[in-house]
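Here come two complexes built around chain A, the first alongside chain B, the second alongside chain C.
Up next is the complex of A and B:
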């Protein structure tokens, strides 16, 4: 059976030889036009005068569009219908598309854009969290508040209490392949769109809306993305719509890809957060009451900010049982790029707030932070409430909790205690270089919190030669989803992977799909494919049973053959027999996640099918003279249930950790006081490279099957490992704390300058 | 990029003549100038490439024992061939990335005098002589603030002569994304005293930290490095505050002294 085998990515060979085809590699039909947006140069105000004469007459220009030239408002929003493709004369952020140029080449379009002359009436932009709060600039009617018990009373009556605050920076997705789309007009006004998107159905829906045609007239195809990370969940809409409008109006194919600088300036990023906390706890650090106020900077449009901020609330207590909790969430509207989905979808920010509390409480009581974490775990035997009835702040019972055992196992396997002693001894003797070691857990809820998104479809054909065509609604962004799903199909039919053709995601094959997001790709699509395969397999078994005069349950599939125990024929022969017997060898499959029930306004219910767990320990060394640091070692134990593919899963865990560490260390987004993003290229914005991974990097999978009935009892792996990066920030905090008595109070990203400032604070507090 | 004509002379004399034309601009390795042109921040009518002038390339030891480097010599070549001045070779070998090192030239870097470039600190820290097609300029007279030098219009750096010190080291705190110096300090110990040149930090471009020079001339040890300078006049930008840069001047100087060999 191919499931559970550590097989390489199905396109690995294509990736490394450069022959994997991305949208920009698709040979375009003759006469293809190339598009570029003209972007707003101010963050807030209105357009006073716009002169595009020179742009129109520039070499190669075929057409120029402003909002009034579009067939509809061409809304690009995935949620609130508040993102017109082009400015309606009001400007909401610096980088907002104002006009659209179609030209005979990418370069000609970009050159023509530069010839535009626009004057503005500027307003003072709302840029920061403080400015938004002062102006009362919120999404929704105001802050959302979820509560369990009486947090305020519990905090007041606790033996110990503290308050604190952490600033958490945003993050640019920095997918290797930038945003791209290609629209090819079809007969009768239909449209074919190739899009680098995690959400082909959304592209289809938004293009259909823009062109005012039914969804059946739009077909969207996505073979693969060169990275998505959530940045292609909604941010591809603008390009696809622009291409489709131009293609419809000119009758020519139209292609658009953002230059990297434009990609930074136009598209949304991870939400930056400020989280204020008040904690009440006992002498062992066990939390009795906890109150968070989360401030999320959402940018100019709603996009996915509400569910992102919800997920930050849902992960605000991470893996810990807290009897009394109050979480207040402000979704602030600012004149910046519209913050969007990014791996973890708000979960990392919420979780970091909690890990910060753990670190702060341990420091306050002078206890080992790991012990404080363990004392607060769900199911911890020190807790008064029995494990079985412990619930999250939103009322979901924690029926399975692996972290107690996993933490013990990682402490053992990483030699954590001995290394903690070694770090302490080092710090006592070394005046300049200080080491830090920290262990942090991850408990991440799996399912879309918008319950109806938890569905998926698949389409499977078995051809008469026994080869199999596989299609499902998930998209491939490098994570290896297609390989995992193909392994499922191969296992169901008992054939090798070479028998399975993996095909591009296509809205004409599987309709009404959800984004490949929320880590749900293999959970949902794997099950849908399983259902389709089993339908066909059962039909084949029934037919062969009839031919061979045996009961259906005697027919077994395996080793690329089919047998009833006496006779054995190849799978291909079986397919041929079924074809000749007029058996349908094609089926759809469908899956909906069970058990979900969620009331987001009350913040109560079961939003998640299950939780994915992980624990990581990072060791760092800090130069206390300059604030520079290195990650020396990271050990990760991660729960993928019964892994569908350990090689791909470990790859996701390694990449997630490095990306998470980058978020909290080197990746710094800087806007100036005009609202201009100043870090908009790799020359100013630093993502971690392969060489930035720790020299010692041990990743292991926790051996265990999912308690819930998921695809082969596996667990989702896309987002959860990202949050292992939190252990790096906490290790930095540990190292800095060794410099004196004060609490490091480190904000993220912890650049060397911030680390040095923290060292100074800690040293100065005697 | 605006349109321009291109000339590729093969001698310094021809290059000087070509640079006499209106709006002519010399082109070294193009690592700064080409991006500048692409951004339309410069609009020369003629670019005069110095890449084909053999007499401006190479590394050798001059009669007086100093290390002479042709103005058209790439960083990669300096890294490989300036072994007689190891600190300088190491500096050249850590500029930017391989593409920059294989195209960029020492003459181009010094003529541009970017406030965050590495080479100006080596030239100033070594008391180098900037040789042009017209004259010889002492490094102390050459650097005149951010992007400003003593070069006249059309003047070409043909050679740079570095007196080889007893000990030297360059320490760079990299801005991690671009690998430019957030702060870089070049320390060189000569028989007649120590020179300390700082790049990346000051709004005035590369400068000599005279307090450190005096202290280190008396006692060449990391402990002798004085307290870091004040943050006034230091560059504050998206990558670091002036105060942090000032602090790093002290740290990098100590590291350079400790590593000097």
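Up next is the complex of A and C:
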């Protein structure tokens, strides 16, 4: 069986030889046009005058479009129909596309854009959380509030209380392949679109809407992305629509790729948050009541902000049982890029709020933060409420909780206690370099919180020579989904992976798919493929059983052959026999996740099929004179259920941790007071480089099968490991705390400047 | 327009190019060698690394005209003559040194330049050398491991497995 083997990425050979194709590498038919957007230079206001004459007459320019030249409003929004492709004269953020240029080359289009002259009537933009609150600028009618028990009363009557606040910065996806799309006009007004997208069906839907044609007239194909991380869930819509409009109106193929700076200026990023907390707890740090107010800066359009903010609420208490909770969530509308999906989808922000509470409570009581965490875990026997009836704040029972044991195992394997002592001893003697060590858990809910998205389809063909064509609705962005799903198919037919052809995601093969998001790619598509394969396999078994005059259940598939125990033929021979016996060797497969039931307005139900768990311990050293720091060591123990492919899963964990650590340390987005993003290139926006990763980095998989009936009892792995980065921030907090008596109160990202300021604060507090 | 002649992956090519044609565009569009990727256009990500006269160069920051008369190697020319993978390529595949693969050609080219200069680098030297190559997916661990393995060093002690 190929399932559970650590096989390399299916396209590894193509990648190392440079022959893997991304959208920009697809050979285009002659006459392909290249597009570029002209972007707004102010954050809020209207266009007073726009002069595009010079742009129009620039060399190589074939056409220029403003909003009024488009066939429809060409809405790009995945949710609220509030994102016209081009500005309708009102400007909502600095970087908003205002006009579109098509030219004979990428460079010609970009140069022509620079010749435009636009004058604006500026309004004072709403940029910060405070400005949005003051102006009452928000999405939905007001804050969303979920409660369990009476948080206020519990906090008031608790023996100890504290209040605090943390600011959490956003994050640029920085998928290494920027956004890209290519539209090729077909006969009769049909459109073929190649898009670097996590959501081909959404691209199809939005292009069809923009061109005012049925979805059947648009076909979207996605072979792979050079990274997605959520940034290609909705942010590719604009490029695909622009290409399709130009292709339709000129009859020529049209291609668009954002230059890296444009990608930063135009597209949405992770939501930045402010989280205020009030906690009431006992002398052991066990929480009795907890109230959060979360403020999410959503940018100018709604995009995916509501489900993102919902997920921040869903993960607001992370892995801890809190008897009385109140969570209030504000979704603020600002004149900035429209914040969007990013690995974790609000979960990381919510979870960080809770880990901050744990850290603060432990500091307040002068207790070991790890002990405080363990005392609050679900199922902890130290809790007053019996484990069997403990639920999350939204009422989902926690039926399987692995973190108690996982934490003990990591403490053991990482030699945590001894290193804690060593860090303490070091800090007592070292005046300048201070070390910190922290352990944080992750409990991440798996399923789309919009319940109807939890469905998937697949299409499998077995050809008469025994080769197999595999297609499903998931997209490949590097995570290894295609390989995992192919391993499932190979295992069902008992053949080797070389028998299976993995093909590009294609809306003409599998319709109505969900985005490859919410970590659900292999859970959903793996099951759909399994269903399709089993349909074909059962038909084959029935036919061979009839030929051989044996019961169907005697027919077994394995080792690239089929046998009834006496006779054995190759899988290819079996396929040929079935073909000749007029047996259909093609099938679709479909899957919908069971058990889900969710009322988002009340915040009650079972939004998640199951939880994925993990725990990490990070050690850092801080230079207290400069605020600079390094990650010395990280140990991670992560739960992938029964892993479909341990090598790919470990890769996700390593990459997720480094990306999560980047979010909370060096990746700082800075907007100036005009609303211009000042960190719009890798020169000013610092994602982790090769030397930033920890010196010692141990990643292990927790050995355990999923209790729920998932594909081969595996668990989703895309997002959960991202939140292991939180242990780095908490380790920094630990190091800073050793400088004095005060609480470090570190905001994220904890850049060296912020760390230095925190060191000073802590040193000065008596 | 000026005529340039260079050897690319062992083959001589002559083309007329504009003075402002970037080497990346020349390779990708004129020669259809699309394995050289553009990740940032501004000399920072390393996805476009090629070799010019044996030196690792970011091709997004070089004009095609500057390569006139040069010996150029790209990712497409790294495999052995019989089509089998080079030691470095095979190590990236075997040690999972890639996810989305977009950074991979640049990583492989940088690694090849490093190992030519320093056939048995330490882990710290590998990391240091890769400062100009960004990877957003892998967290670098397996990339470093692949390069160490390609240099013939034992990687069993490099943890995370």
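One rule holds for everything that comes next: the second predicted complex is superposed on the first by the 766 of 766 C-alpha atoms of A that agree within 3 Å, B and C clash if a C-alpha of one lies under 4 Å from a C-alpha of the other, contacts with A are read in each partner's own complex, and residues count from 1 in each chain.
Please note the rule applied: contacts are C-beta pairs under 8 Å (C-beta built on N, C-alpha and C of every residue); 3 or more make two chains touch, one makes a residue touch a chain.
Only a predicted model underlies this, so the values are computations on that prediction, with no experimental measurement involved.
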When chain B and chain C are modelled together on chain A, clash or fit: fit
First (chain B), second (chain C), both or neither touched by A:720: neither
First (chain B), second (chain C), both or neither touched by A:693: second
First, second, both or neither for A:666, with chain B first and chain C second: first
Chain B versus chain C as contact partner of A:682, first or second or both or neither: both
Residue contacts with chain A in the superposition, chain B compared against chain C: C
Which superposed partner A:756 touches (first chain B, second chain C, both, neither): first
First, second, both or neither for A:625, with chain B first and chain C second: first
Partner chain in contact with A:477 - chain B first, chain C second, else both or neither: second
After superposition on chain A, the shortest CA separation from chain B to chain C (Å): 7
Chain C-contacting residues of chain A that also contact chain B: 682-683
Chain A-facing residues of chain C, complex: 25, 28, 32-42, 44-45, 47, 74-76, 78-79, 85, 89-90, 92-94, 96, 98-105, 108, 126-128, 130-131, 133-144, 159-161
Touch list for chain A against partner chain C, complex: 8-9, 11-22, 24-25, 27, 107, 173-178, 224-229, 259-261, 477-480, 647-648, 650-651, 654-659, 681-683, 687-691, 693, 696-699
Residues of chain A that touch chain B when the two form their complex: 625-628, 666, 670, 672, 678-679, 682-686, 753, 756
Complex interface listing, chain B residues touching chain A: 173, 176-178, 238-241, 244, 247-248, 251, 254
